[in-house]
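What follows is a set of structures for review.
Next, two complexes with chain A in common: one pairs it with chain B, the other with chain C.
Here is the complex of A and B:
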């Protein structure tokens, strides 16, 4: 917490219903966010146990300037991923960061398993583990409303919860945060499910007086001006990330039909412009953000005979249009929204489930699995089939769906089709087939996400392909993002928060820190993550890439498999300097 | 001697030339792609990739004959 020279950690032991609060002066140097969370994870993990063993921890952390400057809105969650078996790291916006700060906690560590389904209620002066037996089996949208009614209270409130997929331990189950935000990737929902933890409610109501208001407000206004009065963030508010559909499609970098293609003939019907024209009804923002990048689209659903319709609102962005749209050959924005709604209700990572279904569709086409396995006729473009399949995954309907619920890598271990199981180190791919940058970045990224180091972005900005430069740029970006994520700045705003701005912001709220210390911090955090990954048995050199990456031309052109592996080896050498 | 440059703008970049698509420029050759985009009034930081046919062009590529280029905006994301 700013002004205080310690990190206030709330420890919750669900086994013994024991609560502890610790003021950790030793963690102060990590600023907060992923710096603090990775240290707490390292302290609490049990490398020899399964990721879903009750003894494994979940760590949440906010940053040292959370919510007091624009766009510093996120909370980081760290855990052992049941999908990859190694480092799990996920970020969510909404109101959670603000409420944790106003409840007075910098970090929360949850271990153990409740005796019965429960939810955790956190407020400034009271922590309770409450009975949630009546909520078990209820979808994530509905349970949010029920807990809101039960908890009451005043102040800022955030409710995070899991759906049936989390309860049933699907390896890529997500956690819904305040309806439209998520800890989406790597299966935090399953980890909560393994602890019988249906939800967490946080209410914050304390005042946060600023000591040197004049200086703080000047810095605040400067940042706010950059965010609202320049072009830097305008695109995120306008059509949002869905505007990526059109350029990626035209340039041949849009993963389509399980990456059998790099462009989609129906892209113009599901582009950002098409969504804006046909479905967009509202834009929302995380608390503390003036941008409003959350795009809410609406579709009509017939709920009874006699022309009885209801209007359903769901959030959408580029990654969802890719994974549940182009990747599955879905041709209309209405159908994509309808699939997103099912994914939301059951609580799954939209990216993983789309990519998993892409593999399953092709496996059925090729006869690796049969209709007896899939139960529904999975076929590219068949939205109803995919919605049925998503429910089957969440309910673990049969052996096939149990395996699909463990990811495309696991399913292809059993049924074959590894060459078109589009994963990087067991995590399903993101929506960018842009070149070597995204491949290298996804393999070596601490959590195997495009968000670790923005490899897709380097593919665009690189003037000429240069192996050494690509490795160096990804290494530098990975470390820099560790520093940014210790403050838990929304990465959309990474161009707003250059070093000068970060230093001005921190100094104005009493945190004296130098540019060199920020650099050291990024390196230290990255080294911690690499230690954790090694502890959990991850070996970057052993990662195998699906052949499909090299069969379908990327935005960069055709890619060479040997070059990709060479880049990985070069990166592994480069990280040795951190050991 | 002058050369004719045509630039097709994709997506978000269209806002920089709402009236003219593709953007037409005539200039003395040779000139770099970078300078051509400056002349067209399109901010460099907004440009993702530039293609001429199947070829990707870098900003310092020299253009010395008539050309049709396609400019894609930077990809958004975290």
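Here is the complex of A and C:
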């Protein structure tokens, strides 16, 4: 809690149904967010045990300036990823950060396994582990409604929950946060499932007086103006992230048909403009963000003969249009929304599941697997086949789908086809085939996500390819984002929160900190994450890249495999300065 | 002419809660949305639309005004009431008397949270959901 000058940690031991609250003055220097979470993870992980062993921790943490300034809206989750076997880190918006702050906790550490399916209820006066046996097997949307009915606190509440994929320990199962946001990547849903933890409900309504109102409100208004009255955030509200579909397609950086292609002939039918024109019915925001980037699209489903229709609304974003659209050859916005809906209900990472299905489709084409394995005819463009396959993954239908549920890397270990299993260090690729930046950034990024260091963005802004500069820029950005994620700002607002703004914001809420200290903090957090990765046996130099990356030209042009490996080696050398 | 708050653009609401953060901050110098006089909620789950529960600035003798046993609520020009804190005994009669549920209670301070129609929330709404309307002085 920033005014109290300590980090208040709630420890929940599901084995013994014991709660402990600790005021950690020693963690205060880490600000919050990923700074605090990575320390708590380091303290609690059991490197010798399986990622899904009940003893492993889940850590949630809110940031050092959570919710009291615009667009500082996220919560970080850290865990051991069942997908990669190493550092798991994922971010979600919604209402979780505000409610945790208003319930009075900076961080929550959950260990152990319940004796029966349960959910955790957190409020300012009570913490309870409640019976969820009847919720087990129920999809993510429905269970949200059931807990909403039981918990009260409307408007000041957040509910996070898993679907059947999480229950069934699919390695990239997601956690849904307040219907439209997610801890999407790296399998937090499976970790919750392994603890018999179906959901967490948080109600926050405590008293929290502003300490220095004049100074605080001045800074608040300045930031609010930057967010709402300048162009910095406009694109996120307007057509939203899907606005990237057309430029990436035109430039040849849009992964299509399991990256056999770098552009999609139907891109204009599934562009940001097309979704806005045909499907967009609403925009929403995370609590404390006046931007409202959440785009809700609607499609109509005929559920019976005789003109029986229902209207279904789901959130969409660029990454989903890539993974469940272009990557699988899906040509219409309606079909993409329909696939997203299935992914939502069962609770999977939309990016990983799309990329896994891309591999499976090609594996079937090439005869590495047969229809006996896939049960449904997986073919690019066949939306129904993919929807059936997603259910089969969530339900672990047969040996093939159990392996698919462990990721493209694992499946290709068994069936072959490693050259077109589009993963970086076992995490499925993101929607950018932009050049060396995204490859290097994804391999060396602490959680192998495009958001660790924004390599795709460097690819697009770099005037001339320069190996040293790329390594240096990715290293610098990774550290900077460690600092930003200790606040935890939404990275869409990274241009709003320059150093000067961050210092003004923190100082106005009583946090004296210097620019140099922010830099040091970023380095310290990154060093902690690298220590954890080492503890878990990760070796950057041992990562093998799928050949397909070098067969299909990128936005930058054709890429050379040796250069990519050389860049990784250079980066590994560069990080040695941190240790 | 006095002004009153109108929340008649809630069809445009994105659910950012900035109005509540601003009201709680400016009027109660508190970070908690529980202190806000305007309450934004969903009509039932996030897939439903947002609604704002606000003081409707009743004319004449508002129910809250009538219910107050100590005269802590005074009629306001343009409608609604103003709270005189020193006269309030925290009995919550005003809370139960308001049939639209617009009076909240601050359990920490033991005082009702009364909208004074200051318009701070309208200034911070990014999507034109809230506005101030001039109203005849009907006191």
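One rule holds for everything that comes next: the second predicted complex is superposed on the first by the 576 of 579 C-alpha atoms of A that agree within 3 Å, B and C clash if a C-alpha of one lies under 4 Å from a C-alpha of the other, contacts with A are read in each partner's own complex, and residues count from 1 in each chain.
Criterion: a contact is a pair of C-beta atoms (placed from the backbone, for glycine too) under 8 Å apart; a residue touches a chain by one contact, two chains touch by 3 or more.
Here the structure is a predicted model, which means the values were calculated and not measured.
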item	value
Chain B versus chain C as contact partner of A:434, first or second or both or neither	first
Contacts of A:538 with chain B and chain C, given as first, second, both or neither	neither
Which of chain B and chain C A:70 touches, first, second, both or neither	second
Touched partner set for A:119, first chain B, second chain C, both or neither	neither
Partner chain in contact with A:556 - chain B first, chain C second, else both or neither	first
Which of chain B and chain C A:491 touches, first, second, both or neither	first
Partner chain(s) touched by A:224 [first = chain B, second = chain C, both, neither]	second
Touching partner for A:206 - first (chain B), second (chain C), both, neither	second
Shared chain A surface residues [contacts with chain B and with chain C]	none
Complex interface listing, chain C residues touching chain A	14-18, 21, 25-26, 29-35, 39-42, 45-47, 108, 124, 126-127
In the complex with chain A, residue positions of chain B that touch it	10-12, 43, 46, 48-49, 51, 54, 56, 58-60, 70, 72-78
Of chain A, residues touching chain B in the complex	231, 235-236, 238-241, 243-244, 246-248, 250-251, 272, 318, 432, 434, 450-451, 454, 456-457, 460, 463-464, 490-492, 494, 555-557
Of all residues in chain A, those that touch chain C in their complex	67-68, 70, 98, 101-102, 144-145, 148, 154-156, 178-180, 204-210, 213, 216-217, 220, 224, 228, 283-292, 294, 313
